[in-house]
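Some notes on the structure that comes next.
Chains here go by letter, A, B, C, D, E and F, matching the order in which they are written, and residues are numbered from 1 within each.
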Amino acid sequence: MNVTVSRKAHFNAAHKLYNSDWTDARNTLVFGKCSNPNYHGHNYELIVSVKGLIHPETGFVMDMKELKLIINTEIIDVFDHKNLNEELLEFSTLNPTAENIAVIIWNKLRSKIDNNLKLTITLYETPRNFVTYSGD
Amino acid sequence: MNVTVSRKAHFNAAHKLYNSDWTDARNTLVFGKCSNPNYHGHNYELIVSVKGLIHPETGFVMDMKELKLIINTEIIDVFDHKNLNEELLEFSTLNPTAENIAVIIWNKLRSKIDNNLKLTITLYETPRNFVTYSGD
Amino acid sequence: MNVTVSRKAHFNAAHKLYNSDWTDARNTLVFGKCSNPNYHGHNYELIVSVKGLIHPETGFVMDMKELKLIINTEIIDVFDHKNLNEELLEFSTLNPTAENIAVIIWNKLRSKIDNNLKLTITLYETPRNFVTYSGD
Amino acid sequence: MNVTVSRKAHFNAAHKLYNSDWTDARNTLVFGKCSNPNYHGHNYELIVSVKGLIHPETGFVMDMKELKLIINTEIIDVFDHKNLNEELLEFSTLNPTAENIAVIIWNKLRSKIDNNLKLTITLYETPRNFVTYSGD
Amino acid sequence: MNVTVSRKAHFNAAHKLYNSDWTDARNTLVFGKCSNPNYHGHNYELIVSVKGLIHPETGFVMDMKELKLIINTEIIDVFDHKNLNEELLEFSTLNPTAENIAVIIWNKLRSKIDNNLKLTITLYETPRNFVTYSGD
Amino acid sequence: MNVTVSRKAHFNAAHKLYNSDWTDARNTLVFGKCSNPNYHGHNYELIVSVKGLIHPETGFVMDMKELKLIINTEIIDVFDHKNLNEELLEFSTLNPTAENIAVIIWNKLRSKIDNNLKLTITLYETPRNFVTYSGD
């Protein structure tokens, strides 16, 4: 019996979309107002899902208190109220699109969660735009 | 790295559930108040998801501005504030259930989106009823 | 101690915005796609709020089971899966804008709810447009 | 053409997390405030999804009225306003975690839904914690 | 310039509706399944609103960090994962309806918030039922 | 018959909380991580409500198409994807708290909306924090 358990979290951050290999004109052409050099920002909503067997003693796939702690330590403490381009090393050369942020978050969580558990994350950049990544 | 990116859109429309091969009595029996000949309507919420590789230059699976434009041109302009039974050719003989509307929307979008991208749509007929179609 | 208690309900209906004293051209000019003669529709979400004293014996301002029954009998049974222009007498001459629907709903409920209770209703036509009426 | 149709339902219940093979101290250590012997409770939101072929005559994968009736009879009437530990036989020895409740609900529904339809359920214990089970 | 600032919080609790001056039969008649002696429960969502002047130095009506701390200390720590009838002294004789819970919460907060600020709370017992109290 | 009609809109922006009359240390002490000099950001959700009489010819208090246009021109075009501290003149000396942003938005809209209509705005900084201002 494989069950998926999911937990929501959120963080607020500033970012801009920008490819440093391009001219400013091309950045503006491709990324539009998202490339504003003064930054804009979002309330990111994060859903972390882990799939695995139910432990017969606890009835848990994974203790949600433990998952919450991992999310807080690995993600919220790192991303919340930050400027992603300026303050997160990963995005010094990587464009902080929702897709790339999702991959970075997945990688950070993957190393902290039991490998018997399949990990998927969903990241809402706005209530209308979101991305999902499972490591495939 | 395959990431799924999703975008929400919405349209309002009138419809009735009706099989023109059946008697009115059988339509009423099967479809109940949904077969009201004077129509009823819904705020349809649409989620369009495309799954594919992240382009290394942009950090995008697909430019959301482009996806939004395709959704607006192919779906919203066609379905919004319309009577689906009376004004959409597809539903002149096809019952506009949420299932059938989803398949029609998927087909319309499929022809406009890069075939390297897997396409899934979710259509909410009401906040409590929704359908998902991936072309399988 | 005056407390306001609120209950949500919903109904689906078709309508068009139309002033029968005007030419079709003027209807189109003023109401745009909302004047489509073939109708469109909405999932209307209704919030009914009553404000009054807490009964010391029950701890209720009003029994929510009773309020739910009144909403179902007076509103949902009358509006759900209907064409408002064609099937509700009130809108044979009154344009079924969200504002006018709200006033009609308020009047129907007012006559069934204890006059010691202040009545307010909020009606969502879409998740982005809503109206509130308190009988003032 | 396989389409998934989903319907939301909800019920309210009391529960506590408790393993009767353990000491109270260990229950408290593992389950924290969720092991309060006086119980706490939740508004459980349930999404039932069935995947299958669209019937050409109706345009339905499954009649939502029929699915609603099954959910009400098999789940809501059994779980709503109940104490899960005290009043549901299944949880006399099984810890009513969201994971275990989901499996029990899935089993109850599976026996009532056509085996040609794949069944998945999602159960929200709170707006921030939810589980999904597909019988795998 | 009077601005209202609001903050959401939530807690989970078990309760039953019960008037100890009544017979069990009358409790069942009036409160229905809400009077289940084994309790049921809810995810209560709380919105705390304070209205007052903007402080010119901070731009705040009230520091949300301070309001969050007061809500946590006075309400969440007291109500979360509790059985309201059994564990909160206030409800040893007072029926824990949403109305009465709202009044108790308001009173607890009122004594901790500057009297120059008008206080209103909204308490959702379920996503469909909620109450509002302003101390009037 | 005074009815309130409301319309939702949204914009994304970066900001920091900062009083330029204070030392950096005091800014950090009072505003915490919100004072990050590199900025953070939000998805701001805006609800604009106007209250007035229903026009007998249209059934509208105010044409929502017109209100949408005013919101877009006066607010969204000015605030969306901007750095509020750096790019909006109003916040060169005024701290862009939710309270102050709400007052600025209200003032911008007030001058464009008929004075017979009472104007109220609600601004969500996050799904958990929001402010309301009516010009009182």
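Keep in mind that, in the parts below, contacts are C-beta pairs under 8 Å (C-beta built on N, C-alpha and C of every residue); 3 or more make two chains touch, one makes a residue touch a chain.
Every value quoted in this text rests on a predicted model; they were computed, and no experiment measured them.
**Q** Using the touch definition up top, find the fewest steps from chain D to chain E.
**A** 1
**Q** Over the chains that touch one another, what is the least number of steps taking chain A to chain C?
**A** The least step count works out to 2.
**Q** Between B-C and B-D, which chain pair is linked by the larger number of C-beta contacts?
**A** Greater number of contacting C-beta pairs: B-C.
**Q** Using only Cα atoms to place each chain's centre, name the chain farthest from chain D.
**A** Looking at centroid distances, F is the chain farthest away.
**Q** Looking at CA centres, what chain is most distant from chain E?
**A** Between chain E and every other chain, the largest centroid distance is to B.
**Q** Cα centroid separation between chain E and chain F, in whole Å?
**A** Once rounded, the distance between the two centres reads 29 Å.
**Q** Counting in whole Å, what is the centre-to-centre distance of chain D and chain F, each centre being its mean C-alpha position?
**A** Centre-to-centre distance between chain D and chain F: 41 Å.
**Q** At least two other chains touched by the same residue of chain B: list those residues.
**A** Within chain B, residues 127 contact more than one other chain.
**Q** When you check every pair of chains, which ones turn out to touch?
**A** Applying the touch rule to all chain pairs gives A-B, A-D, A-F, B-C, B-D, C-E, C-F, D-E, E-F.
**Q** Note which residues of chain D are touching chain E in the complex, please.
**A** Residues of chain D touching chain E: 10, 12-15, 33-34, 36, 38-43, 80-83, 86-87, 126-127.
**Q** Which of the residues in chain D end up touching chain B in this complex?
**A** 1-9, 49, 54, 57-61, 63-65
**Q** Could you list, by residue number, the parts of chain E that touch chain C in their complex?
**A** 17, 19, 21, 30, 32, 94-100, 102-103, 127-134, 136
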